[in-house]
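Right after this note come the structures.
Shared chain: subunit A. Partners: subunit B in the first complex, subunit C in the second.
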Partner chain A sequence: MQQSRAHLWFIGPALALMVVILLIPIAIAAGLSLTDYSLGNSGAEFVGLENYEKIFTRSTYEKMFGATFRYVFVVVPLTVGLGLGAAMMIHSLGRIGDIYKTIYFLPVMAALIAMAIVWEFAFHPTIGVVNATLERGCGTILENWAWYAKGCERTFPLWLNDRDYAIWTVSFIGIWQGFGFNMVLYLAGLTSIPPSLYDAAEMDGAQSGWDRFRLVTWPMLGPTTVFVITISFIRTFQVFDMVEAFYPQGGGPSKSVYVMMFAIYEKGIQQNLMGIGAAITVVFLAFVMILTLIQRWFVERRTHYV
Partner chain B sequence: MSKISLQSIEKSFGETPVLKQVSLDIEEGEFVTLVGPSGCGKSTLLRILSGLEQADAGRVSIGGMNVTDVRPAERNLAMVFQSYALYPHLSVADNMMTPLRMRDLPMWGRLPMIGPLLARDTYRVMQGQVREVAETLKITPLLDRKPGQLSGGQRQRVALGRAMVRQPVAFLMDEPLSNLDAALRVHMRAELSELHRRLKTTFVYVTHDQAEALTMSDRMAVMMHGNILQVGPPDEIYANPNCLEVARFIGSPAINTFAAEIQSDGHLALIGTTLSLVQPLTRAPVTVGIRPEHLFLSPTGRFQGHVRYRENLGSDVFLHLDVEGAQQPVVLRANPAQAAQVTLRNRVCFDLEPDKVLLFQSTGERLPCALATREVA
Partner chain C sequence: MSEAIQDIRATAFRFSTRAALTHIVLTLGALIVLLPFYTMISLSLKAPHEIMQQTGGFMGAQELFRDDFCVKLGNAVQDCMVNPIIYNYTTAFEKAPLLRYLLNGIVVTVSIFVIQVIVALPCAYALAKLRFWGREAVFALVLFCLLIPVHAIALPLYIMLAKLGLTNTYAALVIPWTISVFGIFLMRQFFMTVPDDLIDAARMDGMSEYGIIWQVMLPTAIPALMAFGIFSIVAHWNDYFWPRIVITGNRDLFTPPLGLREFKGDADGDNFGPMMATACIIVTPLIVCFLLAQRRFIEGITLSGMK
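After this line comes the complex of A and B, so read on.
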């Protein structure tokens, strides 16, 4: 029996392209992560899992994971929540909403590295608008708040350069920058909900906004939410430019803002330690992979309304 | 007791008036159909009755109570939507239980997961109600499926089931059958009538299909460009339309119309023939309407035409005739035996049943006058 080989010609080109531009680079990174290769060196020693051992034992990398996860687990829920809130508000506003849509989307379009300069200015301890505003509040009822009173007594924090505040300040800017993107995705999701479902909910006795949200909006946004959360995770894991702009040297006060992407850049590019840089990359890819798998599982299990 | 009454309802979308002073009274337990061409404002009127849309002026009352400003949820009406509007993430059983959950359970009982545990007794009662309705509609095997896994007809039943689980004052249906295939549509007509007989609840049914209106309703209201033109039992509207528009809209194939004239001697001149009237009228141009089944082939017929097309429906054959002096082809109903003797493009003679002829003024209003059944030669 002769079998046609035509199928190879159909899948062949796509397969070859995928191997060349996706799989080979990942394989190379994985290979490099097992060596102590430096760019320019003619050869490299095979060091086994030593690079990975470093990543999971040394305190620098512990800080790296700490900073990354803090950033990710603050920024993701808040950008998703604010994105949904803003989208629902704009959706209910109708025409005027377009103005808000543009405003909220501006930070997404603006280069974060340029915006970082503005924020650096705003958070400046002496000439910055943030602390100047906070000082205005001194002597008022706000002083009942111990933290506030302390700020008035001495000075308000060095938002970007205090190791207790830096990561949260950076997270705040990340939220400011990122929620507009989620908002746009949610707006698309909201627009695609058939209005007749809200009519049906009303006839069924869903009287409060919360009832309608629970019965129609939230479930109908399920697929959007899974996508938004995955995208947000990947985007926040990839945060780099802001850290590079604020802290070109060393990842912030006591490395408290030493996020993964910055670590890869510092090790692999600045210090030319390709092996360890590649190892961090592989760990990063593993995280992204896990997230994607979780997303697929959700899409297939929960939100697929066949 | 639960009489529904719409009084002088007005509604515009922007500059466009959609409903102009529409009034309609619906008795308890009646099956009333709003029928009219697309865009005439039927859905808008139904949505105003349900409360989903707010009227610009007028009054809606249910059971003698003014509900014009009452929320839809509190009017205790149930609605079946054209698109069914089932919740795609809920199973059929949960879809049907939603109206009960929203009304009969307190906030804490509606919580996911723990709600069913906290309000276990209520849930059991509600599940019983759902199962009972599912039994009636023969959808019990579908209870665990999601709407996406159902055919159009099954979804339609589920939507009906969701409306039926609680005892509403009235069922409002907006073209519920228009997404079904032809055979199922005819079947569901009978089933809806049967359901109405059994439930004895008021049905307000919107459709653009005059056949649905004729087959199902106790009374029908013919709507056109934002007005209700005529309200009455289907037979009466069919036999006695009060204006030309209603006559043209109801009945398929449509009624034949001819431009004619009442002559100075009080006779009617119709495509070359003179007919006498029961009582003479003053001279005026009129429109004559006669339904295809009131024309018949007859060798001694006073009219003649050429057969241009035979529309064979099996039980009946509609002959389309080119008649000199008539603007459009004249449609005539013949039985298959007669029609078999007719060949295309041949000349046939036909006549009309004079007592069935309808006369309309040039403005479209009905003239209360009939033809004399016997010609005074």
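After this line comes the complex of A and C, so read on.
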């Protein structure tokens, strides 16, 4: 090709935007996290690592990490597990299975904020469908279950407003919303496994379904699993919509659903404590980047982009 | 021989019971997945008292009921009898400028996508097909930026926009999303597969590099662009976090998720009908598109799986 400067015009805008929108903000966050900056103040004091010290010592932030990790470590395994399970069942059914695929994918498409509001109604202690259904089971064999009997005797949990149940209820909604996404990724992985591998495994004596899964399906899905797990981590870490919709103030009963993105929003935007908000941002970015790098390291052993 | 046939029959039977079990499990799952959709549609059709007393099944009785707000305004009671469906859906549109919100949603998602393509396509082309000094470095930067979730850096972005006086504008809703590193990466991978001969032929014909991008590369990239478009539009139509941060009071700029949230904020418990109607209206466009073009949507949404 002739020597031209065209590439500068092609790369330039993208490069400039990358720097301004993605890289500079990280630098700003890192810088502000060492200060007590508030929007509207002319200057800010340098406070060193005080903000980080707060994050790792104060009980509020202990609750923040508790809620975030509880949510993440419940939602990730279950969305991945359910995604894989659903994918394998649907795959075994052939074309009829497509209808389930469509249904399970619906929550991924629907605006989470809208569905969160519907779930909030469904979990409503008095007029919600969940407790209404549970009450119908009273007086039956289910009462042998101590938890159930207690529910019938007094009331069933308040779910979203009970500090013992809130984070698990929110996690349930997260699983409901997310597993269809993983299912689709796994379905793509399953279709790419050559059937001849199963024949070969059978010839080598793999008789039971479990053997076939252990010897062929699971190893062949390895790369998909690495990817699915990483992307699930990154998506679940960013949970915000539901928490803000259910608990606009304070992050739920006894701050039991005070997840990191909500903390960033509350500290930075609602309370204008940019320093501490920026420090949480930095910690958050560190988590996400480490996770992605681990995934890259797994994948890079197989493929090369350049 | 007959043994073999029996064997096959046995297998067929085993498989059909197993298939039946699979269907049962999957159907139970489907019921749970569909429950909130059912609730949402059902509540958007029913009268307030039916919602509170949990009567009326899916549709409600569709009897006329008294709209207390209308009575309070001083109208005669018989003029204030309304049909639940009509009441819920008209209230959804009247109580808040829902049409305006929907329009904002369209404007924002479409501008984001168009700008993303204008920025990403030339960059991807240069990275894939031009040789120049620093190309590897730029691509390494792209790979690094893929690590950064934009939501996570919302705070510094918000400060920057506030300093520029841009909060509460359309620009604030669009600017952070103008650069899609993922789009660049995706298009670059796609352009790598386009044969060099095609580009050389275009150059022979005297086409400029710009001409090549928009008249040669763009048409070949349509399938990839469609998938990317679906990915981008779904993400930004449903996005709640970012609009929540930069749009603070100006209702004229609300996107659909913000409009719905506002509705919830001042619903005094008994106005579930219109709220659910709003939810239905916001969720429906994407769901309908998805049902019409499922394969493309699934491809688009799971694009990130190609990384």
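What we mean here is this: the second predicted complex is superposed on the first by the 277 of 306 C-alpha atoms of A that agree within 3 Å, B and C clash if a C-alpha of one lies under 4 Å from a C-alpha of the other, contacts with A are read in each partner's own complex, and residues count from 1 in each chain.
In the analysis below, contacts are C-beta pairs under 8 Å (C-beta built on N, C-alpha and C of every residue); 3 or more make two chains touch, one makes a residue touch a chain.
Fair warning: this is a prediction, and the values are worked out from it, not measured in the lab.
> If we overlay the two complexes on their shared chain A, which of subunit B and subunit C does A:69 touch? Say first, second, both or neither.
Touch partners of A:69: none, neither subunit B nor subunit C.
> In the overlaid three-chain picture, which partner chain does A:185 touch, first (subunit B) or second (subunit C), both, or neither?
Only subunit C; A:185 stays clear of subunit B.
> Check the residue A:265 against both partner chains and state whether it touches subunit B (first), subunit C (second), both, or neither.
After superposition on chain A, A:265 lies in contact with subunit C alone.
> Check whether subunit B or subunit C contacts more residues of subunit A in the superposed model.
Tallying touched residues of subunit A, the top partner is C.
> Quick check for you: in the superposed arrangement, does A:148 touch first (subunit B), second (subunit C), both or neither?
neither
> Applying the touch criterion given at the start, work out whether A:238 contacts subunit B, subunit C, both or neither, answering first, second, both or neither.
second
> Would you check which partner chain A:105 touches, where first means subunit B only, second means subunit C only, and both and neither mean what they say?
In the superposition, A:105 touches subunit C alone.
> Is A:7 in contact with subunit B, with subunit C, with both, or with neither (first, second, both, neither)?
In the superposed model, A:7 contacts subunit C only, not subunit B.
> Determine, under the contact definition given at the top, whether A:227 touches first (subunit B), second (subunit C), both, or neither.
Second partner only.
> Do any residues of subunit A touch both subunit B and subunit C, and if so, which are they?
305-306
> Quick check on the complex: what are the subunit A residues that touch subunit B?
Within the complex, subunit A contacts subunit B at residues 194, 196-197, 199-200, 202-207, 211, 214-216, 219-220, 222, 303, 305-306.
> Applying the document's contact rule, which stretches of subunit B touch subunit A when the two form their complex?
47, 50-52, 71-74, 77-79, 81, 83, 85-90, 98-99, 102-103, 110, 146-149, 162
> Where on subunit A does subunit C make contact in their complex?
Those in contact with subunit C are residues 1, 4, 6-7, 9-11, 13-15, 17-18, 21-26, 28-29, 32, 39, 86, 89-90, 92-93, 97, 100-115, 117-119, 121-122, 127, 129, 132, 176, 180-181, 184-185, 188, 224, 227, 231, 234, 238, 240-241, 244-245, 248, 261, 264-265, 268-269, 274, 277-278, 281, 284-285, 288-289, 292-293, 299, 305-306.
> Looking at the complex, which residues from subunit C come into contact with subunit A?
18-19, 22-23, 25-26, 29-30, 32-37, 39-40, 43, 51-52, 54, 119-120, 122-123, 125-127, 130-132, 136, 138-139, 141-143, 145-160, 162, 175-176, 178-179, 181, 184, 189, 203, 208-210, 213, 234, 237-238, 240-241, 244-245, 256-257, 260-261, 264-265, 272, 275-276, 279, 282-283, 286-287, 290-291, 294, 297-298, 301-302, 304-305, 307
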